[in-house]
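Residue numbering begins at 1 within each chain, and the chains themselves are lettered A, B, C and D in the order written.
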Amino acid sequence: MLRKLIDESAAKSPWIYHINAGSCNGCDIELVSVLTPRYDAERCGFKLTGSPRHADIVVVSGPITVQTRDRVVRTLSQVPEPKVVVALGSCPRSGNVFKGSYSIDGPLDKYCHVDVSVAGCTPKPEAIIAGLAKAAEILKEKRKEMH
Amino acid sequence: MNIVLIILKWLFHILVFPGFLFTLCAALLLAGIDRKLVARMQNRVGPPLLQPAYDLLKLFGKEIIIPRQANKKAFLSAPAVGLASLLVTSLLLPFSASFVAVSGVADVIVVLYLLTIPAVAIIVGAASSASPFAGVGLSREMVAVMAYELPLTIVLVTVCRKAGLMMDESGMTFSLATVMQYQAEHGAMITKLSMIPAALAMLFIIPCEVGAHPFDIAEAETEICEGTLAEYSGLPLAFYELAHYVKMFILTSLFCVLFLGGFTTGVVVVDLILRLIFCVVVTFLCITVPHAVCARFKVEQVFKFYWTWVLGLALVSLLLVWLGL
Amino acid sequence: MMAMNYLGSFLLIILGLYMMVSKRNLIKIIIGLDLVDYGANLLIVSIGFRDGGTAPIFTLSELFSGAYFVDPVPQALTLTSIVIGACVTAMSLALIIKIKDQYGTIDSHKVRRLNG
Amino acid sequence: MMQHFPILSIMVLFFGAFLNGIFGGKNAKARKIIVLASIFLSFLMVVAMTGPVMLEGQIISYWLGNWEPAMGFAFGIGLEVDAVGLFFGLIISTAVLVSGLYSFEYMSHDDALGYYYTLYLMLGGGVLGLVFSGCLFNIFVMVEIMTFSAVALTAFRNEKYGALEAAFKYLVVGSIGSTSVLVGTILLYNQTHTLNLAQIASILPSVSNGVTAVAFGFLFVGFATKAFLFPFQPLAADAHAVAPSSISVLISGVLTKTGVYGIIRLVYVLYQSMNLGPVKTLVVFIGTLSMFICVTMALAQHDFKRLLAFHSISQVGYVITAVGLSTALGVAGGLYHAMNHTLFKSLLFLTAGAVLHQTDTTNLDELGGLSKRMPKTTVLFLIGAASISGLPPFNGFASKWMIYQATFEAAAAQNNFGFALVGIIEMLTSVLTLASFIKVTQSVFFGQMPKKWENVKEVGNGMIIPMGILAALCVITGVAPSAVEKYLLAPATSAVYSVGKYINAMMGEGFAEGVSLSSETVAVDLGRSGYWNPLAWLALLGILLFGAFVAFVLLRKEAKTKESEAAEMFGSVDEKFEPFFSGERAEFSQVGGSDMFWGFKKVMRPYLDFMHDAHSGVVNDYVRWAVECLALVLLYCVLCGL
């Protein structure tokens, strides 16, 4: 009973931690706009946290640059289970216009399992919300798998 | 037989009402209303009313990471101690002049000290987690405690003196039950002219003591990565969140006891509903509105604000009461 | 007559205190401390004094009828106090020697590692 | 037999010092036996006296050489143990005992231990002699003995930074205090022609003139200097901080108490002037000043022991303030806090000593993270810190509660706004105390550990057990205040007020009535005092157990360690359990010591700078403080015509 409640609420209260892995800030601004009164992601329980220890969903934006690579991996590893990784925008999934640059060491799925990928440069806020909702569902599934 | 009954009564008080279960439900409800109200003030839909409960339940299901450098025992037991002391405080707050679970001759002082324990628990927990962010956070938390404790003391003394002048032959009372009694007989404290500055000061103190938005310098998530809570995850974090909600309820409840105590009917259920309504109003005034309106203060601004304006308000009230107004 | 004694003793005390406040040499501070001590001792002896009194030996008052003696208690107190003062002086001088060893100076404005 | 215990309990210590001087220089075993035997014997004798004095309300008096008073005049030197004296005697002999037990391991790295123990026993004997003495001049002698040995012990580790300097300052300023006690004594002798406390007490109320007022000023300043109260001398911190920790315990827990004892004796028994407004104002003002200023000084310190030293003045300020309120509750609260202060401050100094012993430093900026290496010391420190900050359910809370209640009730009863402000300052001081102990907790025991303390070990049982005794006492006196109140505080408070009984015990029955003082035992009603509802604390216990249950059982089940991606990538170090460092590799970055409380320090900067400059460390300045305060107090006494 309690376990079921916990599973259910996993999808209802996904807390987001946002990593900028060399992004041009376009996706970052769009992610913030998702939480503004206009789109109000908080009505689904989304909340931006300041520490990976609190997070359920890790949103990574930007092509993984050489400088940020280790830091992204380290931070991802510090998120407690269950966790979901969301690649925000085209950069983390392909490198986008930065592909082939000497300073790019992407894509993100070289380093960890990406659960949801929101494409676009930049993705629309609606798309981001859809992706986050998808991530919340996956979070619930992962939580169920934990026991 | 008698002893069994007494123990059962105590267990009821501790576990159900007004202790654990009731405080928990009321606190979660209050937190939900607060978040909803903030959202409505910003023209948002806002999270569901039960969002705090969802948050807690989710945190129960998360993995608990204990950093390698942390002192494990202190790291895990600090949240429980903080929550426990808040629950004890909830037993001491009277609901009407006649109903209080635990009464004492000088429970005002006990409440004052029990309310510092959650802050100490947060600080010790943060210290034991060995994170530099937590270090900065605990330093700020302590500055906040120093900032609000002085005016809070004066507000409590003022109320005690005001009630004691009438109700106690020594001219001073330290019993919350007597404060309630006074208000039942002479009208609520907030209706007295001399007490209005003190009530205002208390309204300023509550958000800082709770760590609500404009005064959440210790947990500033954008500057110092949740500060004191930076290393916490899972169940201990849930305990801290819960302590945060419970503190909100306890403090607004304390405000009701100190300033809005007169409006009681004697029927426990009606009193309860009244108390909850008052709590929501107070929460709206002192937590929701600043949250929706203000940006976060800087550390020294908080300190200065409390040691000048709020202190001044409290002192004015104390002086007026001492002059017999 | 006795007023001079009292005045003298308080003057000694005040001069000693003045010396302790104003002199920077540690040894001079100790001299000031001794002045204060001696002032106190002079005060004690003066308080026990009675004009025309003999030495506080019992047989003397039996010898001369009508003789009375000075109060013996303050004299005993003075002895004790002098001994204690000597101890304090010795101790402080020993400390000054060690301070000179360690700090290389006995200027009180330079012997201030512990402050604030 | 019982009537010989006062003199024996003192002489055992002095005799031990003598024997130790002869036999203990080289032979460690003989030294240990002599020290242990003398401190235990003395402790047992003091405890044995509690039976008649505390429970039956007797007063033990003893005339040296059996020179009993004749014709209503006290010739001999007397010892008199009433409940106040015995209360302080108990505190003192407990502290001496614990300090002695602790010394054996703590001082094991030092040499010249023969001298150390000789001086230590002399210090104990001197202090015990002071509180049992019934003669004003003997009080002066004992003050000198204890100051002398305390100075020597402060300079004991004279190779350490600043030890000699602190000892010198202590000697100079302490001598001013002693001299002013002497001058006060002799002026009183001039007026009353006796040195016996009881007889002075019977004569003084009828002779009140300028000379007695000046004598009051001198004696008050003398005892206040001995209590290290703030405006009289600012160097307590120097002396406490550099002495070996076992001696800091005695200086802070015991020597300051003798000053408190002296002030209580002076104002309540000798002059019986505590009901006068000016005296009340003076004592409460001095107490509040030292309480508040020293706690702010402590906040700015970055040395563990120096910080503790400032706190001990601050806590003595509490005691003096409570005593100055001149209500039964205030006196009881003050005495209770005096006892608690000895317990928790000794505990804290001993933990500081343990840290010093293992790491050889007490600098808050250098230490950190020791809780992983010294878990027992950490727990003991936390108990002490919680006690001194007045967190329930430890003893500091119980006594502070009594003091607050006494202050506010006195304020309300006399409609005195000043006392209400004093009460508020007391509560503020308590928060600032908490803050500075949070600083120590974070900087020494928690936070990150510098590399150089990797190999630090826990101290041995020889140091843990004395600390454990004190911690246990802290908890016991905290959770059973009603027992403390019944067996210790009520008799002691009653004795403070029963001056007639005190006089009669010394001078013979009917003497007090002769000078129109009642010899009845004054009954003390502490009924409404800071009290303890056991059921509430049962509730606390229940909820705590619940919390512990949740925290430990559930957490242990849930806590699983999983290999993280980072571990695969970076090799063996599992980054998951490193502290979060914004993604960077975790490096050493301890937030502690001087880094703490930035906002507070920024706002208070002008004040803190001023206080820092005032504590200049120059001995002339400290003498000037003492002299100026002496002058002011004398002027005040004369103007108010006490």
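Following the convention adopted for this analysis, a contact is a pair of C-beta atoms (placed from the backbone, for glycine too) under 8 Å apart; a residue touches a chain by one contact, two chains touch by 3 or more.
Given the structure is predicted, the values throughout are model-derived calculations rather than measurements.
Visitor: Can you figure out the chain closest to the middle, judged by Cα centres?
Guide: D
Visitor: Can you check which chain pair, A-B or B-D, has more C-beta pairs in contact?
Guide: B-D
Visitor: For subunit B versus subunit D, what separation do you get between their C-alpha means, in angstrom?
Guide: 34
Visitor: Counting only Cα atoms for the centres, state how far subunit A is from subunit C in Å.
Guide: Computed value for the inter-centroid distance: 83 Å.
Visitor: As a quick test, compute the distance in whole Å between the mean CA positions of subunit A and subunit D.
Guide: 58
Visitor: Find every residue in subunit B that makes contact with two or more other chains and list them.
Guide: 63-65, 133, 225, 230-231, 234
Visitor: What residues in subunit A touch two or more of the other chains?
Guide: 51, 53, 78, 81
Visitor: Do you know which subunit D residues sit against two or more other chains?
Guide: Residues 562, 576, 578, 580, 582.
Visitor: Of all possible chain pairs, which ones touch?
Guide: A-B, A-D, B-D, C-D
Visitor: Would you tell me which residues of subunit A are touching subunit D in their complex?
Guide: 19, 51-53, 68, 70-78, 81, 111-112
Visitor: Which residues, counting only subunit D, touch subunit A once they are in their complex?
Guide: Contacts found on subunit D: 562, 564-567, 569-570, 574-576, 578, 580, 582-585.
Visitor: Quick check: in the complex, which residue numbers of subunit B touch subunit A?
Guide: 35, 39, 42-48, 51, 53-55, 57-58, 60-65, 133, 219-222, 224-226, 229-234, 237
Visitor: Spell out the residues on subunit A that touch subunit B in their complex, using ranges where they run on.
Guide: Interface residues on subunit A, with respect to subunit B: 2, 5-10, 12-15, 37, 40, 42-45, 48-51, 53-54, 56, 78, 80-82, 143, 146.
Visitor: Quick check: in the complex, which residue numbers of subunit C touch subunit D?
Guide: Per the touch definition, subunit C meets subunit D at residues 13, 17, 20-24, 26, 29-30, 33, 36-37, 40, 43-44, 47, 71, 73-74, 77, 80-81, 84, 87-88, 91-92, 95-96, 98-99, 102-103, 108-109, 111-116.
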